[in-house]
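One chain, chain A, links the two complexes that follow: it is found with chain B in the first and with chain C in the second.
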Partner chain A sequence: MQTFDLEAEGLRALNSTLHAQAANTNQTHWEIVNPKGSHAIAVGLDAPIEVNIKGSTGYYCAGMNKQATVHVHGSVGPGTAENMMSGMVVVEGDASQYAGATGHGGTLVIKGNASSRCGISMKGIDIIVHGNIGHMSAFMAQSGNLVVCGDAGEALGDSLYEARLFVRGSVKSLGADCIEKEMRPEHLTLLEELLERGGCDAKASEFKRYGSARQLYNFNIDNAY
Partner chain B sequence: MCGIVGLFLKDTSLEPRLGDMLTDMLITMTDRGPDSAGIAIYGDETAGNAKLTVQSSAPETDFDKLDKDLRKRVQGKVSMAVKDTHAVLSLQADQVAAARQILAEIRPDVRVMSHGSTLEIYKEVGLPKDVADRFDIRQMSGTHGIGHTRMATESAVTTMGAHPFNTGIDQCLVHNGSLSNHNSLRRKLRRLGVHIETENDTEVGAAYLTWKMQNGSTLGEALTSSLDDLDGFFTFVVGTKDGFGVVRDPIACKPAVMAETDQYVAFGSEYRALVNLPGIESAKVWEPEPATVYFWSHNAAPTAQEKAA
Partner chain C sequence: MKDEQKGAPRNTGPHGAPRTMPIQSATFSNPVNAEIRRAAATGIYDIRGGGAKRKLPHFDDLLFLGASMSRYPLEGYREKCETSVTLGTRFAKNPIQLDIPVTIAGMSFGALSGGAKEALGRGATMAGTSTTTGDGGMTEEERGHSNKLVYQYLPSRYGMNPDDLRRADAIEIVVGQGAKPGGGGMLLGQKISDRVAEMRNLPKGIDQRSACRHPDWTGPDDLEIKILELREITNWEKPIYIKVGGARPYFDTTLAVKAGADVVVLDGMQGGTAATQDVFIEHVGQPILACIREAVRALQDLDMHREVQLVVSGGIRTGADVAKAMALGADAVAIGTAALIALGDNDPKWEAEYNALGTTAGAYDDWHEGQDPAGITTQDPELMARFDPIEGGRRLNNYLKVMTLEAQTIARACGKNHLHNLEPEDLCALTMEAAAMAKIPLAGTDWYPGKPGTSY
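Moving on, here comes the complex of A and B:
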């Protein structure tokens, strides 16, 4: 295992070292110590490596991730795993606003709570939150799955497209064009797999599903150019 | 952008280190606000006395014999401690109003930064590190304090545009965000006779709170009504004689992190600002909720009141 002291060696050295890892690298396990809330830790990775961050991070941790597994042993700042393409990001603590925003693929697991705008404009990522999520989560979400074992804040799923939202607890309010939908057997199967992937101690049958009513302007074919 | 830091000490043994800890927190927030910085410190109190922290762009001439000149006119005790462009005038609390009038007459270019029994406000244009050095903030002790690093978006980079703003006796305000209805609110407040000096949006926010409290609101009520009357983005931290409060607008896109241990309650725009505080590894760390007014006080239990949506 490779250990990297971020405080001693600096962010640019860290990210360029991680970027230099090729698909067949034999340095597959990395540990980052002294993150101290720094921004942009382990962004833009593109190799099947595992990175363990020992502490809390600032903005944009593990952004644009491809292939890699990034495990944060602490809490994360705004924009974690933003625009993730593939791979996995696990946060042991809480996540600040817009976690997993615009993510195209991969899995983001948040073991604490996520703040506002979680999964905003998500495009295929799976986000699994053990705790609660804040207001305006999954705003304009286009594809992928958002699983919330706790409660959701105001305006969940506003202007939603085709993403699926599963919430176990209460929803403070639904956003425009977001409605509760029937939980069919295929959704239960999908949710069971997501809960297992996220390491959640919850039963799929306890959740409700929310999705788009498809009534907004852009869903009407007569409004197409 | 802008950065905010705040530190409220529960453990009195940390009080001699307040200025030092706040300075470190402030400097960490330099890249959120490199154009000016300010700090409000709640320090010692002398019974019956008040402090006026004043500022001048020509301190050599303006502060020359200022204490003597004031003493002669108010006919009471006045002492002065000069720190760079600022000076702290200590005088009898019941003579402050008279002294401010006289000050405007005999030193028209001197500006009052703060008025309080324990509060002192220091702010200037420049890098946070340089501002803290100029006023020797590291050496200051106190019970609690608030700092601000500014990246101006709404008005000019000037001393008077820097934060904190004094909103009332022993009260101050710092702001991260931008108010979008500050012009109309400024016109309204000016019509009502409220003095607003600059084109700065936060000064309007501060004047709004002052005006509300002059008309009978408590600070908590004034902050709650700010959620209705102020349009735009804001995370506010307010200082009072015995504590501090936090409120974020309902959208809450301006970041805020809090940490609490048995020794202190700390606020930072980012977690980075808090990482060197003692015992941070085991502190309770969380984000304050939107549209919720929080208070910590030396004299009462902490409160968090959510405003009904």
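Moving on, here comes the complex of A and C:
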């Protein structure tokens, strides 16, 4: 295992070292100590490595991740795993705003709570939150799955496209064009797989599914004339 | 009775008394009334491209003074007049070197056909300048055919991915556009083809509205951290531009520099290729003429003029416009509408088809509807087939060459051996408005409205 002291060696050295790891690198396990809330830790990774961050991080931790597994042993600031393409990001603590924003793929697991705008504009990422999520989550979410074991804040799924939202607890309010939908067997199967991937012991049958009513897909034009 | 037979109003009353002439209201003009009727029939605002169509103070209201007794000119064609520009000297490891200071502005694949994007790449590469992606991701057509490609980072993040970031030559963070400062993009369902839908990860055929704010940062303090992230992902190689619409250019430029921009792109309200509500296009934002000096003042106050480069756009048409923008302090310009016209858009040869669409060549602005007879702003395979990317590239290169030669002609006449050496002192203004906006003396005077020390 490689240990990297972020405080001693600096952010630029960290990210360029991680970027230098090839697909077949033997240095597959990395531990980053002294993150101390720094921004842009382990961003733009593109190798099947596992990075353990021993502490909390600032903005955009694991941004645009591909292939790598990034495990944060602490809480994370805004925009964690933003625009993730593939791989996995696990947060032991809580996540600030915009967790998993615009993510195209991969899995983001938040073991604590997530703040507002979790999964905003998500485009294929799977996000599993063990706790609650804040307001305006999954705003304009295009595709992928958002699983919330706790409660959701106001305006969940506003202007939603084709992303699927699963919430176990209460939803304070649904955003424009977001509605509750029937939980069919294929959704239960999918949700069970997501819960297992996210390390949740919740039962799929306890969740409700929300999705787009598809009423905002086209402009409302009066064609009477 | 003769008048009556023609259906024209009679100009005399029943007893031969003169009638008043029918007078059209300047307030409720025919175009205004037509729009009211259209709104009443459909219940939706008018969406279009083409930028502000109202008459605005513009570069036409400035003139160059030229050399004479007190300055001497350079010999046309014989004495050197450089046109090169380097963008991204502040922080980027690999600044962009351009042969000419005219770049191609961001226009999306989706808005434009793949062939049109290819033509822009071909023409710009031949002319030694850069092209820019748009709100739809990077296509192979444009990456393959553009020697220098600027990758836009937009609120929608359609198609955004780290591999394309790394194969871009620069990154342009779009905060706003001149046509709609404060607004997001629009693309109607007719243009969301299978390929466009797949690139944007959207259902086919929907009317797509892009977000107006970025999803994961708010304000310049956040943006500074976002730029750090983008630089870390790309190993500090790429110049990072920030594009803003002409809103509050002094503060916007100051904050862009504070956030860490290498280049500020400033787009005036004539910037035309973005589709949005007509009311937005005509009533929000400032003309580019009013923005340049304020942006330059911000850069000068920060001691960053020429260190952070300024690219201006919105209504650039000729080499004279290029020279005037540069004399006001810009490092380069960008063209969008003009490039589409060079490719063949709004060409009178398609007049019959423009008529069938209820418009006429030169006035066609419903590019977002995807029915462009010229085959440029469409995803319809039959219309697209009308457009030849190789011929389009040739035409764009020719046009860029003419603009450059024109700008050089003016610079030499002003005694300048590089376009960057043009300066406000080379200019005079024809109107009070232009004088005030550009802080250039009114012709025949040494005064402009607002000149320090001249107020009552």
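Everything below uses one rule, namely that the second predicted complex is superposed on the first by the 217 of 225 C-alpha atoms of A that agree within 3 Å, B and C clash if a C-alpha of one lies under 4 Å from a C-alpha of the other, contacts with A are read in each partner's own complex, and residues count from 1 in each chain.
Operating definition for what follows: a residue touches a chain if its C-beta (ideal position, glycine included) is under 8 Å from a C-beta of that chain, and two chains touch if they have at least 3 such contacts.
Since we're looking at a predicted model, the values are computed, not measured.
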{"item": "Chain B versus chain C as contact partner of A:Thr69, first or second or both or neither", "value": "neither"}
{"item": "Which superposed partner A:Gln21 touches (first chain B, second chain C, both, neither)", "value": "neither"}
{"item": "Dominant contact partner of chain A by residue count, chain C or chain B", "value": "C"}
{"item": "Which of chain B and chain C A:Lys36 touches, first, second, both or neither", "value": "first"}
{"item": "Contacts of A:Thr107 with chain B and chain C, given as first, second, both or neither", "value": "neither"}
{"item": "Touching partner for A:Gly58 - first (chain B), second (chain C), both, neither", "value": "both"}
{"item": "Where chain A meets both chain C and chain B, residue numbers", "value": "39, 58-59, 78, 97"}
{"item": "Chain A-touching residues of chain C, taken from the complex the two chains share", "value": "41-44, 156-157, 160-162, 165, 188-189, 201-203, 205-207, 211, 215-217, 222, 225-226, 228-229, 232-236"}
{"item": "Chain C partner contacts - residues on chain A that touch it in the complex", "value": "11-12, 15-16, 19, 39-40, 43-44, 46, 58-60, 63-64, 66, 78-79, 82-83, 85, 97-98, 101-102, 104, 117, 120-121, 123-124, 139-140, 142-143, 161-162, 217-223, 225"}
{"item": "For the chain B and chain A complex, residues of the former touching the latter", "value": "250, 252-253, 255, 257, 270-275, 285-287, 290, 309"}
{"item": "Interfacial residue positions of chain A with respect to chain B in the complex", "value": "36-39, 56, 58-59, 75, 77-78, 93-94, 96-97, 115-116, 134-135, 154"}
